[in-house]
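Order of writing sets the chain letters: A, B and C. Residues in each chain are counted from 1.
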Amino acid sequence: YAQSTSVLYGVVDISLAKATGKPVELAGGAPLTNGSSRWGLRGTEDLGGGLKASFNLEAQLDPTTGTGSGGFIRASNLSIAGGFGALKFGRTLTPSYWGVRAWELTSAANYNVVSSQFQYAGLNARNSDEISYTSPSMGGFTVTLGHVLKGDNEGVGKMDLNLIYKNGPWSGGLSYNKLRDKGSNQVVGVSYNFGTVKLAASYHDVTDAGRGKGFTLGASVNTGPILVIVDAARDTENKDTDLLLEGRYPLSKRTFLYAAHTRNGKGKAPTDVNATMFGVRHNF
Amino acid sequence: YAQSTSVLYGVVDISLAKATGKPVELAGGAPLTNGSSRWGLRGTEDLGGGLKASFNLEAQLDPTTGTGSGGFIRASNLSIAGGFGALKFGRTLTPSYWGVRAWELTSAANYNVVSSQFQYAGLNARNSDEISYTSPSMGGFTVTLGHVLKGDNEGVGKMDLNLIYKNGPWSGGLSYNKLRDKGSNQVVGVSYNFGTVKLAASYHDVTDAGRGKGFTLGASVNTGPILVIVDAARDTENKDTDLLLEGRYPLSKRTFLYAAHTRNGKGKAPTDVNATMFGVRHNF
Amino acid sequence: YAQSTSVLYGVVDISLAKATGKPVELAGGAPLTNGSSRWGLRGTEDLGGGLKASFNLEAQLDPTTGTGSGGFIRASNLSIAGGFGALKFGRTLTPSYWGVRAWELTSAANYNVVSSQFQYAGLNARNSDEISYTSPSMGGFTVTLGHVLKGDNEGVGKMDLNLIYKNGPWSGGLSYNKLRDKGSNQVVGVSYNFGTVKLAASYHDVTDAGRGKGFTLGASVNTGPILVIVDAARDTENKDTDLLLEGRYPLSKRTFLYAAHTRNGKGKAPTDVNATMFGVRHNF
């Protein structure tokens, strides 16, 4: 066994938070921190001939209490990659998630308005038992096709795919998922980076997943060290707008302070919560 | 603390499998994968004077879902070794297991017929609370004597031992275990490596553990990169034969593809399952 | 991610033990081992300007069975430290614990009489959701002020603090904790190191935590390789004395053998147990 090929990594993220209906508290998880605290292992092995095998195991925890998830619920998968693209097997972030991540302004922070209003094309960010293929980049485009066998999903097969475009200041993503016996959910989003300012907009039709329809519009402003993000997600069907105002101040490349205020209104979900938090995120 | 002395290691093993009575599925554990996925820590410290202290902690997981075992159920032990041999304390693979492992053809793959028919001298592969002594090699022979105190086993002491012989093409093992208030279980097996072909045969009398009596006979053929194994385990008491046909194709020293077909017939246990699987095992 | 900044560490500690009312057993946890077995991750990042960020995640396990705690219950916290001192957030050992640790003779071994009689200023050694500040050392004195918000403790805020003095042969500690709606618990202790012999004494008033009042008196003698500790903790209110006689023999800097005999008499708690244990502790 070659020790050097596997890397230990993680995140510890804690905030002081106040949400509607709850007291001021030390918070260690979604939606009251920037990221979910985690630890993981990953590694890549060169198989020769341009082929690589890699793995990822990632567990989640609440650092305010130490409570863990009792498993690698964030990631546990195996990939074989080469010139043909990459095959991945196991539990992983969905293609729909990555399609949203391509243009979303907060790098999918726990308190982002896209997920609070529409989740990731209507669904949780992860699939168990996923088999996926990601193409190589072709003129800035990549495609990921994911599938969960009906034998692994109580008799109902699931398709989940994305189309991602990255080219200079442009980033765009199309997310699409469908259970065999239901209709589809879809999202299209795009961002443009002017330099100091980055704008993002998206359209979501995720009624089949029990959410609504609508759009998001947001901007991030990067002034010297401080990054400020404002974002809004409007569910036009259920007449609800979720809002985020966030600022980040980096202490280093791996550690930053953040302040965020969110409004998660009563839309399809009966939530009606405002929250304010001040936190520290440390990546290791 | 010296970081360099502890090593992080593991296995991720996933297959596409079809077993009698179940749909096609992505499988992440026994008996439908070559190995059980795991992660572990181990290290050795030189105490001087030929003495060494070492530890091993090893947890298990299902990589298709990330579900873990919530503990180091595969290994959690401490050893002191020197010229006198090695003392080990804690949870570990049994002497009976190592006695079988000495001659078994698949390196105790999850789908091996020896364990499906007879387990490891009739028992699970691991003991908790084991105290064991392993002798140094004497002319190719080593002995391991294991004991579980009655105070650690609901009032019934357990003895578990092996005698292993390794010399050039020959490997042999005797496994023996006995609960204080019951009869003994025993296995003797041997393998001979002709070079390309390796043969193995064994005799099992494990009725006291609730299994039967019988023998196994198998061969492995190593042609260039591909390894093919055929193995059969016959329970003569319960008139049942378990079969394995397996092929392995290495992608590297740490990663291989495998295809296996197993027949686990109705013997003492009321199982009657055929299974076919195609998988990838990655050691890190 | 920089792999080199995070360190993997731990303890495996197993004893052969006999306690009143129980059979001889292999023991893997308190109070029958020197330490609790554990594994953890920790790291420190230099933020520049004298500032540092650090984290610690530490889980517990019983090595005789491999059973784990399912989380980082021993530590999961994030710190920012600099010339001003250190701020820490999350689950951690309490200030009261460190106030006791400053003078206690066994380095808070699982079988120490201070904790069996009085715990750590009357409480468990750890707080979840703690926010603490530790001052820099000022003439040998450091102060740690800890607080758990009422929002994190079922509506009742908790204060926990210490004052520690270290100067040459002297070590002293004051521990103090108080729930908002209850009285306070307090301990003062001191040790003096004569060289071969070290003496320690302390006074405890922890009735508010459901324990008693009283004192401890003990000595450690370090003769060549062997360390011998005798310690007594007297609850004068409940007329009970707990006793420890311990010897340690180092095999290396990281590994030692120990023998201990404890008497945990019937005081406030209805325990009445004598225990004898022989063990090995390996730090990695």
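Just so we're on the same page, contacts are C-beta pairs under 8 Å (C-beta built on N, C-alpha and C of every residue); 3 or more make two chains touch, one makes a residue touch a chain.
Remember, it's a predicted structure, so these values are computed and weren't measured experimentally.
Asker: Turning chain A onto chain C with a C-alpha fit: angle in degrees, nearest 5?
Answerer: Rounded to the nearest 5 degrees, it is 120.
Asker: Count the residue numbers both chain A and chain B use at their shared interface, divide by all numbers used there, and answer same if that is over half, different if under half.
Answerer: Counting which numbers both chains contribute, under half are shared, so the two copies meet through different residues.
Asker: Averaging over Cα atoms per chain, report the distance between chain A and chain B in Å.
Answerer: That gives a centre separation of 40 Å.
Asker: Could you list which residues of chain A touch at least two other chains?
Answerer: In chain A, the residues touching two or more other chains are 8, 70.
Asker: Can you tell me which positions in chain B touch chain C when the two form their complex?
Answerer: Interface residues on chain B, with respect to chain C: 1-3, 5-6, 8, 41, 43, 45-48, 51, 53, 55, 57, 59, 70-78, 80, 89-91, 128-129, 131, 149-152, 155.
Asker: What does chain A use to touch chain C in their complex?
Answerer: The touching residues are 7-10, 12-14, 16, 22-26, 28, 37, 39, 61-68, 70, 251-252, 254-255, 280, 282-284.
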